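Note that the chains take the letters A, B, C and D in the order they are written out, and that residue 1 is the start of every chain.
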Amino acid sequence: MTKPLQSPALAAFVGATTGRNMTNAAYIAVALGIGAMVLSTMDAAHGAAHRWIVALLWGCLAFFVVEWGVRVQQAARKRRAAAYLLSGRGLLDTASALAVPAALALGVEPRTAWLLAFTWALKVIPGVPGLRQLRRVLVVEARPLLSVLVLFLLVLFLGSVAEYALEHDEQPATFGTIPAALWWAVVTLTTTGYGDVVPITPLGRLVAACVMISGLGVFGLWTGILATGFAAETRRDNFLKTWESVSRVPFFASLGPSTIADVTQMLRTIDLPPRTIVIRKGVPGDCMYFIASGEVEVDLPGKKVRLGEGAFFGEMALLGNSLRSANISTTRLAKLLVLDLVDFRVLMARHPDLAQSIDAEAQRRAMENLT
Amino acid sequence: MTKPLQSPALAAFVGATTGRNMTNAAYIAVALGIGAMVLSTMDAAHGAAHRWIVALLWGCLAFFVVEWGVRVQQAARKRRAAAYLLSGRGLLDTASALAVPAALALGVEPRTAWLLAFTWALKVIPGVPGLRQLRRVLVVEARPLLSVLVLFLLVLFLGSVAEYALEHDEQPATFGTIPAALWWAVVTLTTTGYGDVVPITPLGRLVAACVMISGLGVFGLWTGILATGFAAETRRDNFLKTWESVSRVPFFASLGPSTIADVTQMLRTIDLPPRTIVIRKGVPGDCMYFIASGEVEVDLPGKKVRLGEGAFFGEMALLGNSLRSANISTTRLAKLLVLDLVDFRVLMARHPDLAQSIDAEAQRRAMENLT
Amino acid sequence: MTKPLQSPALAAFVGATTGRNMTNAAYIAVALGIGAMVLSTMDAAHGAAHRWIVALLWGCLAFFVVEWGVRVQQAARKRRAAAYLLSGRGLLDTASALAVPAALALGVEPRTAWLLAFTWALKVIPGVPGLRQLRRVLVVEARPLLSVLVLFLLVLFLGSVAEYALEHDEQPATFGTIPAALWWAVVTLTTTGYGDVVPITPLGRLVAACVMISGLGVFGLWTGILATGFAAETRRDNFLKTWESVSRVPFFASLGPSTIADVTQMLRTIDLPPRTIVIRKGVPGDCMYFIASGEVEVDLPGKKVRLGEGAFFGEMALLGNSLRSANISTTRLAKLLVLDLVDFRVLMARHPDLAQSIDAEAQRRAMENLT
Amino acid sequence: MTKPLQSPALAAFVGATTGRNMTNAAYIAVALGIGAMVLSTMDAAHGAAHRWIVALLWGCLAFFVVEWGVRVQQAARKRRAAAYLLSGRGLLDTASALAVPAALALGVEPRTAWLLAFTWALKVIPGVPGLRQLRRVLVVEARPLLSVLVLFLLVLFLGSVAEYALEHDEQPATFGTIPAALWWAVVTLTTTGYGDVVPITPLGRLVAACVMISGLGVFGLWTGILATGFAAETRRDNFLKTWESVSRVPFFASLGPSTIADVTQMLRTIDLPPRTIVIRKGVPGDCMYFIASGEVEVDLPGKKVRLGEGAFFGEMALLGNSLRSANISTTRLAKLLVLDLVDFRVLMARHPDLAQSIDAEAQRRAMENLT
C-alpha cells in the first residue's frame, strides 16, 4: 500500500487534489457537469445532443469519484479517513461522488437521478472568500436575529389566521385553509407579491396592508442588525490580518506597543499578484505602502531598484509631492500594507518620532539614488 | 386553602408553571394545539381525523386552563392576583384559557371558535430573547421613525388621490374610489406589487413610478434609522451584561476603575450549557476566556484540572502559541467572558500591568502542571 | 383696524391659530375633511349620505378659510403679510383655503373639485417631528444619493432599451415602445413586479435578471448612504439638544469644559408630560435623571418631596441598589436628562470628582429624609 | 496642421470641448438625441413627426462626431491620441460618434440602428459626482460582497433545481426545464414576484417560502456590507477634502499638527456659487465658517465688508448670540469650511487657545466695525 501510484501525471493530480479543496480542473468539471445537467432537462437539447450530454455527465461523475477516492486513500494513509469523511469537505465530496450512482442503483429514472448532480455545485462553498466572516456575524448577532425571526413568524401566523377568517367565505379556492393563507402571508410579508392570492374584502385588505408594512419593519430591523454586526466584524478582521503583517515590518518593530496598536488599526492589507503596477508615474497619490512579504521594483530613470520585505515606498506623496514620481510594480506575489493619507496625518500628529524616521529614510533614499 | 395540592406530580407541575413563563410542556402544548387548529381548517384532514383533532384541541385547551388556574391561585396566595391578571403575561394566559370557551359559550360555530386558538401562539412572545432590546430601539428612535411613517402615509394618500383622479375613468372597477386607490398605493409603496390593480394611462404610470421610487427612499430611511439605533443599543446592552460579570472576576478587581471600564467595553459574555467543548486541541485560537460563573475542565495529558469562577484560560493562544494545547469543556452551565485577540492586544498596549499579571499566572500554571 | 375682534371665543381662536401651526381643532378639521373627501368618491356612501358629506366638506373648508384669513390679518398687522404668504406654511394655508373654491369658480365638476381637499393633508407636514433632521441628512448626503440616482436612471434606461430591442417583435402590445419598456423597467428595478409586463424571450429574461439584481445593489447603496448619514445626524442632534439643557443644571456648572463636553455626549434628553411616572418603586433601575426644566415629586413613605430644575434623582440605582426605592412622577411638563448606567460608569472612571459630588448629595439627601 | 481652426466661434467650441468632459451643449445634445430616439420607437409620434425626429437624430449625431473629431485632433497635437482613445472617456466618445453610422453602414434597418443612440446616454457617467466614491466602496468591500453574491447564486441554483423536481410534472409549461425554474428563482429571490410562474404543489410552496426568506437575508447582508463600507469611505473622503482646505486657512496654520488633525476631522467643506446667501440675518445659527477660497460680503448697516481667503465668520452664533446679526453672501465661487456648534464646543474644550484666538478676532472685528 506504500507505492500505489506510478504515473507522474497521476502523482501530480493526487498532489493537487490532496492539497487544495478545489483544483482548477475541479472548477471546470463542476461548470461542465452543472451545464450538462441543466441541458439534460431541456427537451430540445436533450433530443439533439443526448449522447454528448450523457457522456459529459458520466465524465464529470468519474472525475468526482476519482477525486473522492484519492482523498479517502490519502487520508487513510495518514489514518485520518474517518476524520476526513465526517468533515464538511468530506461530506460534500462523498455526496458528489455517490449521490447519482446511488440513485441509479436504486432504480430511479435516469433523468431524475442526474438532478442529484446539484451536489457538485456545493463543492465550491468551502472556497468562497469571506464566508467565515459572514458566519461569525450570524453567530454573534444570533440572538437579535432570532428574535426578529420569531416576530416574522408570528406576524406570518397571525396574518394568515386573520385572512383565513376574513376571506375564506369569499375565496374558498385560495383562502380555504390556513396553510393556503400562510402561502399568501409569506408571499406578502417578504414583499414578493406574486398576485396569485389576493384579499378582496375591505377588512382583508386592511389586514393585508398592516402585514405589508410590518414586512418593511421586519426587513429594516433585519438589515439594521446585520449592518451593525458586519461593521464590528470588519474592524476585527482587518485588525487580525494586519497585526500579523505589521510584526514582519522591521520599521515598526522599534515602536512601543501602544503605537503598534494604533498603526495596526490604521493599516489595510492587500495581496497583489506578480507584475502588478502598484504606483503609476504622474498619478496623484494618497497613500504609502509597507511590504509585509514579497518584493517590488522601482523603475527609476536609468536603473531599477528592488525593495524587499520590510521596506516602504510611496511616502513622497504624503510628505508634500502629490504626484507619484516613478512606476513601481511587484516582481512576485506581494502582501502590502496600505496607509491612507488620512491616517498618515493622524499618525504623524500622535507619533512625531515615526514622522522623523520616515523623513530620514526618504532623504537617505534620495541621496542613494543621486550617487 | 393552604394545602390545595396533594400529589407530588401536580406539585412539580405547579412549581414549574409558577416559576417560568413557558415550561417545556407548554411549548409542546402550543405546538400541538396550533397544529391541530391548522389541520381543522383543512377539509381533507378534518374529514379523516376529525375526532383526533378535536380531542387534541380540547386537551391543549385544558392544559392552558389548568396552567392559568394554577397561576391565578399562586398569585392569589401572594395577594397579587390582580397584578398578575393585568400584567402582559397574565393577559396572554387569560386569553389563551378563556377565548375559545367564551366563543363556544356565545354560540359561535365550533370551527370558527377554535380559530381563537391563535392566542396560544402569543404565549411565546415574553420568552423571545432580545425582544426587550428591539423595543428599546423602537422607543429611542421613535421620533425619526414616526416622521418616516408620516411621510409614508402622506405619499400613500397623495399617490392614491392622484391615481384616482387619473385612472378612475379608465378603470372604474379597480380605481373607482379612493379606498380602492389606497389599496393600490399600499401594495405599490411596500414594493409588494400583486398586479391585481395596475395603472394603464401614461400619466398614471408616471405617478406610479414616482410612488415606487419614493417607496425605496422611505424604506432606505427606515432601515438607516433602525441600523443606527441598533448599533447604539447593542453597545449599551453588551456593556451592561459584561459589567455585571466583570465584577465577579477577582482578576479584574485589583484594576482601577478606568481600566475596568476599558475592559468592559471589550469583553463579550456567552452562556454555555454543561458539557460543551469551549476549546478544541490543535485548533488555532484567537481569544481568551474568563469564567464569570460556572466551571470548566481542562483535559491535560494524564489528569483533568477544573477551573472555577474567576479563573481564566486560553491565554496561551494570545501570548504566542497559536494552536490550542488542550481540550477544555464546561462541567455545568457557565457564563464566560470572551476577550478577542484584537482587543487583547489593544488592552495590553494600554495596561502593561495587566499583561504582566496574565503572564505571571500563565507561568505559575505551567509550573504547577509540570510538578 | 386695531380692534377687529370683539368675542372672547374668537379672540382665543385667533390667539391659538396665530401661535401654533396646527391647533387641535385644525387636526380634527383635517381628519374630518379628508374622511369626507374619501367618502365622496364612494358611490354607495355618496348616495346614502350625500348631504352630510357635502356639509362636512364645506364646514372644513370654511374653517381653513377663516384660519387663513386670521393669519393673513395678524401678519398684516405686523406688516409681514408678504413674508407669511411666501413662507412654506403660508403657501400651504393658502392652498388649503383657496384651491377648492378656485376650482369650483372655474367650473370644474364639484366631485372633481373637492379632490383638491388633499391639500388639507399637507398642512400636517410642518408639524412632523424630526422632519428637519431627515432634510439635513438628505442635504449632507446629497452628492452620493444623487450619484446613486443617476446610476438608477441609467440602469432604467439601458434596461428598457435592451428589452425593447429584444422583446418588441414578440410582444408588440407591451414592449412596443421605449416608454412602455421604461414602465416595465421601473416596475422591475424597484422590485415591485406587478407582472403585467413580463419578458418571455430567453435573452430578454437574462437582461431582466441583471436588472433585478442591479435593483438590489442600487437599493443597498441607497440604504447604506442613508444609514451613514443618519448616524452622524443623530449624534449631532442629540449633542445640540443636550448641550442646551446641561447648561441649566447647576450640578454640571462647576465642571471644566472638557468634562461638560464628555457629559453632553453621554446624556439623552426626554420630554415628559405632567403626572407621568418616571420611576416605579421596586423595578430594577439602569439610569439616573437630571431635571433640565420642570419638577418631579418623590413619593416617600409619609411625605412627598418635590425636586425642581437642576436637581437629580435615581442615582441610588447606579450606586449599588439595583431596585428603585420610591415612585417618582412629574408634576408638570418636564425636560429630563437621562444618564445610562453604561455611561455613568465610564464617566465615573474618567471624572472621580463627579462621583464624589453625586455620592455626597445622595448621602445628604438620605440624612435629610431621615430627620 | 498647426493652424487648422480659423473661426473664433469654432475656437471657443474647441476650447470648451477639450477642457471639460461635458459642455452644456453636450448635455442638451444628449437630452434631445435620447428624446428623439425614444420618440422614434413610438408609431404615433413616428408617423406624425418623422422628418423632425430624423433631423434631430442626425443633428445630435453630427454634434458627437464633431466633438469626437476635435478631441482626437487635440489629443493628436499633444501626441496622446492613443491614450485618449483607450481611456474610458475616449471609448465612450468613440462609441457615441461611430456606433450608429457603423450600424447603418452595415445595412441594419434604420430604426434599429438608431437604438444605438443609447450610447449617448453613457457620456454622462464620467461627470456623475461621487461615482469614484461608490467605486472605492465596491473595491474595498469586494470580498464580502462577492461571497454574498456566491451565496445568492447558490440559493438561486438550489432553489430552481428543487422547484424543477417538485413542479415540472404539475406545470410542464412553466417549470419544464431548469432554465425556466431559474427564471422563477431570480424573480422570487429578488422579491420582484411577477406572478407569471408560481409553484402550486405544497412542497413547492414550502421551498419557495424558504427561497423568499433567504432573499431577505441575502439582501440584508448586502445592505449591511455596503452601509459599513460607505461609512468608512465617507469619513476618509471628508478628511482628504478638508485637510487640503484647512492648510489654506492662516488661522489654523499656527496650530500644532495634532490640533490640525482634530480640526480636520470636524470640518466639512462646501462649495458655493457666486451671490449665494450663506447667512441670513435673524435666523438662529448653529455653525461658523472658514473661507478656504473665494470671498464673501458682510452686509453691515451702512457699509459692506468683504472677507477673503483665510477669514472666518459666523462665530458670534457660537459664542452666545444665537441669532445671526447680518446677511452674508458670496461674491464669487467660494469653498467654505463649516464647523458645527457640536464640534465647536468639543474643540473649544480640548484647545482653549483656539477659543481665545477666535474670541480675540471677534472682539477686534467688533471694534473695527464701530470705529
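Odds and ends about this structure:
Here, a residue touches a chain if its C-beta (ideal position, glycine included) is under 8 Å from a C-beta of that chain, and two chains touch if they have at least 3 such contacts.
All values derive from a computational prediction rather than experimental measurement.
Because chain C and chain D carry the same sequence, their contact can be compared by residue number, and under half of the numbers here are used by both.
Chain A maps onto chain B through a rotation of 90 degrees [Cα fit, steps of 5, range 0 to 180].
Set against one another, B-D and A-D show the most C-beta pairs in contact at A-D.
Separating the centre of chain A from that of chain D, both taken as means of CA atoms, is a distance of 28 Å. Averaged Cα coordinates give chain B a centre that lies 40 Å from the centre of chain D.
Looking at chain A, one finds that residues 179, 191-195, 219, 223-225, 227-228, 231 touch two or more other chains. Contacts from chain C toward chain A in the complex involve residues 191-195, 223-224, 227.
On the side of chain D, the complex with chain C involves touching residues 34, 37-38, 41-43, 112, 115, 118, 121-122, 124-125, 128-131, 133-134, 137, 152, 179, 183, 186-187, 190-196, 219, 222-223, 225-231, 234, 268, 286, 340-342, 345-346, 348-350, 352. Chain contact summary for the complex, chain A toward chain B: residues 140, 143-144, 146-148, 150-151, 154, 157-158, 161, 164-165, 168, 176-179, 188, 191-195, 198, 202, 205, 209, 212-213, 215-217, 219-221, 223-225, 227-228, 231, 235-236, 239-240, 243, 256-258, 260-261, 264.
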